[in-house]
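These are the structures in question, set out in turn.
Each of the next two complexes has chain A plus one other chain: chain B in the first, chain C in the second.
Then we have the complex of A and B:
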């Protein structure tokens, strides 16, 4: 036996559909109001703090996973292609202070991630490979670019 | 010894090795086998790699890197009077993973990645899921060499 299923628009489809709104009527005003409220909430201090805390937690878990998995590895190729390392890079610019803080506390091979996220490389040719010198070069670069960690 | 260590190095049981220095990422196993303790060696932008050696993760490139220090291929890990040896480890796909250096008494020393330095009684104890197995051995006349520092 076959049943005819009435097509019911999903909430997202309703939201995006122009037919859902009268472009001159109160519907549009209500929509703007909703967008403004959502924006205010997004940028509210508490929300920002929660986002920062969430990012810190996510970073901490990924970094720990990466460290535990690669601590006995010497292969820079394996170390910098570990899935958790790649996920940290995918978090983008927001994660920079957390990487820099970790680098300043105990140097680790974060240099490839920093290069990929920032698109720059402040390490001089004579510093290459020297973990301490590369760490200093990146922390100096961060200070010069007003990035706090 | 934590369970992760035991899983990664199933043959490295208590008594088969001794920790000799704390964890650091300032250098790695290839550097340590080469007698260097201030910079990591790897064909990678963030490490040192000898000039003229292929910039690739292959056994051949790593043998050439050690050849720049006077090492030549030899048959096994046995102690030979007047020679010091290195052992190159590779995973089952043939990608280099680790190197160890023989000490004058016939035991071996290794830097375990970004972790500790150890001495171990032979090369076999590091075989396992983490490093694969020692696949090539090289030797050079033993001189009174100390660790190279900057």
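Then we have the complex of A and C:
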């Protein structure tokens, strides 16, 4: 058995996503559950590597949905109440490094999420509305609190 | 205990020692946060841990993935380099050691120190499961004629079928009835690295003993020593001499 070099290698995530069919009988259901169990074990909660991988994947998918759906939206309330944005907040403190990394690369309205997750706001009143200053304030806060991104 | 060779270039990317517990009265999540007080100098980074699961929903022919959160269940305390993590959770304790790995003795001794504090602080009624998990990433040099040059436990494709595999995921549960252990061996390959010169082969070995242990007794640690032997049997039994040389 050898490695078949592929132009487009199949990502593992795809391999771990069970196929579904219209007519799912009991055997197919059991098979489906087995693939899910394999997936859960591979991404077991106690492992740091896999957990980080899962978080990164989930964050990437949710952030992408949020950006695509709100790209023509000007209402900040609507932008920050988008279901994917809310789901990212629900991931809690562990998702902070991913938000900060994204913020440092290309500033986006992550400030409401950061406030909700951390329960704090390091942005000074005179910095509000200035995305660059707000970004710097949050990145400084993260550094001071030993959070790396 | 058997003597095992020490590989100078061990392919371990993460080693995990995990003890699941049962409490007579659920432990308060805020008390778990105070676990950091005694280790803050070594583990200054604190992250709240949400219990989350990715879920897959099937709606007609569409498969949708999402995330479900069931609430806070503990804390992760990381060292400043984020290479080691102590997890204090409402269902147990975990010590993670990311690459570079040192020795089993170093892992065990530090895990034991944290476990003794966890046990003394939160007073679990019993430990229900102890486990060791080692995730190995072995960079196989490309090209090669056959996976069997490097790996001895592999999926078998019937000889009359095409022998090229683009990817695979193999998960084997191997019971060891004499000691009541279960070994879960997961193998997969990732996308080629180093400009296509290497194929990362993941050999993930999880060894588990489910039983009721006295949290303060020595049996937990005797069992972990035996689990480490079993893990090594699975590891060294699954790789070839050529792979050992890659790790030397």
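In the analysis below, the second predicted complex is superposed on the first by the 103 of 149 C-alpha atoms of A that agree within 3 Å, B and C clash if a C-alpha of one lies under 4 Å from a C-alpha of the other, contacts with A are read in each partner's own complex, and residues count from 1 in each chain.
Everything below uses one rule, namely that a residue touches a chain if its C-beta (ideal position, glycine included) is under 8 Å from a C-beta of that chain, and two chains touch if they have at least 3 such contacts.
This is a predicted model, so every value here is computed, not measured.
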Between chain B and chain C, more extensive residue contact with chain A: C
Contacts of A:76 with chain B and chain C, given as first, second, both or neither: first
First, second, both or neither for A:38, with chain B first and chain C second: second
Chain B versus chain C as contact partner of A:62, first or second or both or neither: second
Partner chain(s) touched by A:107 [first = chain B, second = chain C, both, neither]: first
Residue ranges of chain A in contact with chain B within the complex: 68, 70-77, 79-80, 107-109, 111-112, 128-132, 134
Touch list for chain B against partner chain A, complex: 4, 8-9, 23, 25-26, 28-30, 38-40, 42, 44-48, 57, 95-98, 111-115, 130-131
Touching residues (chain side chain A, partner chain C) in the complex: 1-6, 9-12, 15-22, 24, 32, 36, 38-50, 54, 58, 61-62, 87, 90-94, 96, 146-148
Footprint of chain A on chain C - complex, ascending: 13-14, 16, 18, 44-45, 47-54, 56, 58, 60-63, 65-67, 69, 72, 76, 80, 82, 85, 87, 94, 96, 98, 133, 135, 142-148, 154-157, 162-169, 171, 184, 186, 188-192, 196, 199, 204, 206
